[in-house]
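Same chain, two partners: chain A is paired with chain B first, then with chain C.
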Partner chain A sequence: MSSTTYIVPFIKAVASVFKDMLGIVVTRGEPVDEGEGFESQGFAVIVGFTGGWRGRFFLDMPPATAIKVAGILTGEEYDSATHEEVLLCGAEIGNVVCGNAITAVNDAYPGLGIRLTPPSVFVGEGFSMFNVRLSSYSVMMQTDAGPLKINVAVEEGKR
Partner chain B sequence: MAVDDSPVTRKMLKKALEPEGFVIVAEAGNGRDAVAAYSQANPDVITMDVTMPIMDGLEAAAAIKKLNPSQKIIMLSAMGDKDIVAEAQSLGISDFCTKPFKPDEIIGKILKVLAEG
Partner chain C sequence: MDVKYINPFIQGLLDVVSMLGMTSMTRTGLAKKAYLQTENEVNIIIGLTGEVKGNIVFSMPEATAKNIASAMMAGVPVEKLDLIPKSALCELANMIAGNSASKLEGLGLRFNVTPPTLITGKNLLALISQVETLVINFTGDQGPLEMNVALEM
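Moving on to the complex of A and B:
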């Protein structure tokens, strides 16, 4: 399987989840090899997975996008990306995107048995993440709520 | 009874169900708390997430089914692959709903499992 293929189910899941859950249309760019590093725009949801594929999925966006997305999901207004409900909304959206993507992978490749770990959210300016010994791929996306970036770091594990 | 580690999902369930006359008699954020709260809550239907910390939804569903084999449980999860659905079916789960859910979809599934008696 080519390395960039790993990110394709996540791209599809972002588009369908944002449309179904939030009514937001997502337009996307091409996958970019980011090596081991990954620079955040300020609000990053991280969901780990293990099984036939091991790695991490990052849903990254500027804090302003996170605030807008949370407002759409709950129907409430927020003034900070560190508001508890903004963090929880980000976590749930990341979890649903990753869950839908991994479901598609598990159904396409029976026997992988990939399972998720609960999401974590990081908020801050100018932080970078490193996927030690894992190459990662990113795709920038545009939405009416602002820009998004997804980053996927995968290695094939034991079946 | 709503079992999900995401308070946002529990809030969305409340928003969807309460205007339709349903009452959420108990909430839990993980499987262990769900099993602990189950007997006192005595729900007609449980919506149960799969991926949760401490105890996952399939394990919790199995424990609740041991206490009450006729308990109606709808799995509500971002993960809905064939293996998970098959495992849920083997536990006697009433139905499966994949996130993101639409209010009408979850209401329809709850009414369906209630009608099955």
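Moving on to the complex of A and C:
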């Protein structure tokens, strides 16, 4: 299975979840091999997975985009991405995207049995993520609410 | 969360650091937070799935991270947190998770761990999981270190 294969189910899931849950249309870019780590745009939702695939999914965006996304979900306006509801909305979107992606993968490859961790959200300035021994691919997508980067880092040597 | 499930994580950390020669490490505190807000620049997240589900974040200042990485590499001084010290720190998180997992198996709980991810940055706010976070403080010759445990079980 080539490394870019891991990211495809997540690209599909982001596009459909953003459209169905948020009414946001996503245009996709090309996958890029980022090696062992990448710098966040300021707001990162992180979901881990175990089983047939072991690794981590990142949904990364500038804080302004996170605020807009949360605003669409709750109908409220927020002045900071550190507001608890913005964090929770980010976590929920990450959860739903991963749930969709992994359900599709588990259905397509019975026996893989991939399971998800609960989502985490990190907010800050100038933070970066490093994954040891995982190969990592990013796709930068554009939306009306701002740019979205998704990154999938999976342990090599697994199916 | 029952305290009997927390002790394996505390003991897992102490056993592993002691095995690596960091024998001065002790637990200094325990508190609950709705989310992790940290001034610590180095954070390593490991996820758990299975009968125990959640995330653990090891959080420490950069100075502690360098000292721990150095201790793991036979005392070779670490000037900068580049690839090799970062890999060592991730390996530490992996070892602690593995050690804690085998202790929890003794209590009849099985779970799988994700690979670790190391997050470096200043003034991070993190929602580790959607349940509250238990913050366990440790300190030793290498400096202070926190283990933040957010588990659904």
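Everything that follows uses one rule, which is that the second predicted complex is superposed on the first by the 155 of 159 C-alpha atoms of A that agree within 3 Å, B and C clash if a C-alpha of one lies under 4 Å from a C-alpha of the other, contacts with A are read in each partner's own complex, and residues count from 1 in each chain.
Keep in mind that, in the parts below, contacts are C-beta pairs under 8 Å (C-beta built on N, C-alpha and C of every residue); 3 or more make two chains touch, one makes a residue touch a chain.
Values in this document were obtained by computation on a predicted structure and should not be read as measured data.
Chemist: Just checking: does A:30 make contact with chain B only, chain C only, both, or neither of them? Give me first, second, both or neither.
Modeler: A:30 contacts neither chain B nor chain C.
Chemist: With both complexes overlaid on chain A, does A:132 touch chain B (first), chain C (second), both or neither?
Modeler: second
Chemist: Touch check for A:74: first (chain B), second (chain C), both, or neither?
Modeler: first
Chemist: Just checking: does A:144 make contact with chain B only, chain C only, both, or neither of them? Give me first, second, both or neither.
Modeler: neither
Chemist: Tell me which partner A:82 touches in the superposition: chain B (first), chain C (second), both or neither.
Modeler: second
Chemist: Examine A:116 and indicate which partner it touches, taking first as chain B and second as chain C; both and neither are also allowed.
Modeler: both
Chemist: Would you mind checking which one, chain B or chain C, touches more residues on chain A?
Modeler: Of chain B and chain C, C contacts more residues of chain A.
Chemist: Taking the superposition as given, does A:103 touch the first partner, chain B, the second, chain C, both, or neither?
Modeler: In the superposition, A:103 touches chain B alone.
Chemist: Touching A:21, do we find chain B (first), chain C (second), both, or neither?
Modeler: In the superposition, A:21 touches chain B alone.
Chemist: Going by the contact definition given at the top, which residues of chain A touch chain B in one complex and chain C in the other?
Modeler: 88, 91, 115-118
Chemist: Across the complex, what residues on chain B touch chain A?
Modeler: Spelled out, the residues of chain B in touch with chain A are 5-9, 11-12, 51-53, 77-83, 98-100, 102.
Chemist: In their complex, what parts of chain A are in touch with chain B?
Modeler: 17, 20-21, 73-74, 85, 88-89, 91-92, 95-100, 102-103, 106-107, 110, 113, 115-118
Chemist: Considering only the defined contacts, which chain A positions touch chain C in the complex?
Modeler: The contact residues of chain A facing chain C are 36-37, 40, 46-51, 54-56, 82, 84, 87-88, 91, 115-134, 153, 155.
Chemist: Enumerate the contact residues on chain C facing chain A in the complex.
Modeler: 34-35, 43, 45-50, 53-55, 57, 83, 86-87, 90-91, 112-131, 150, 152
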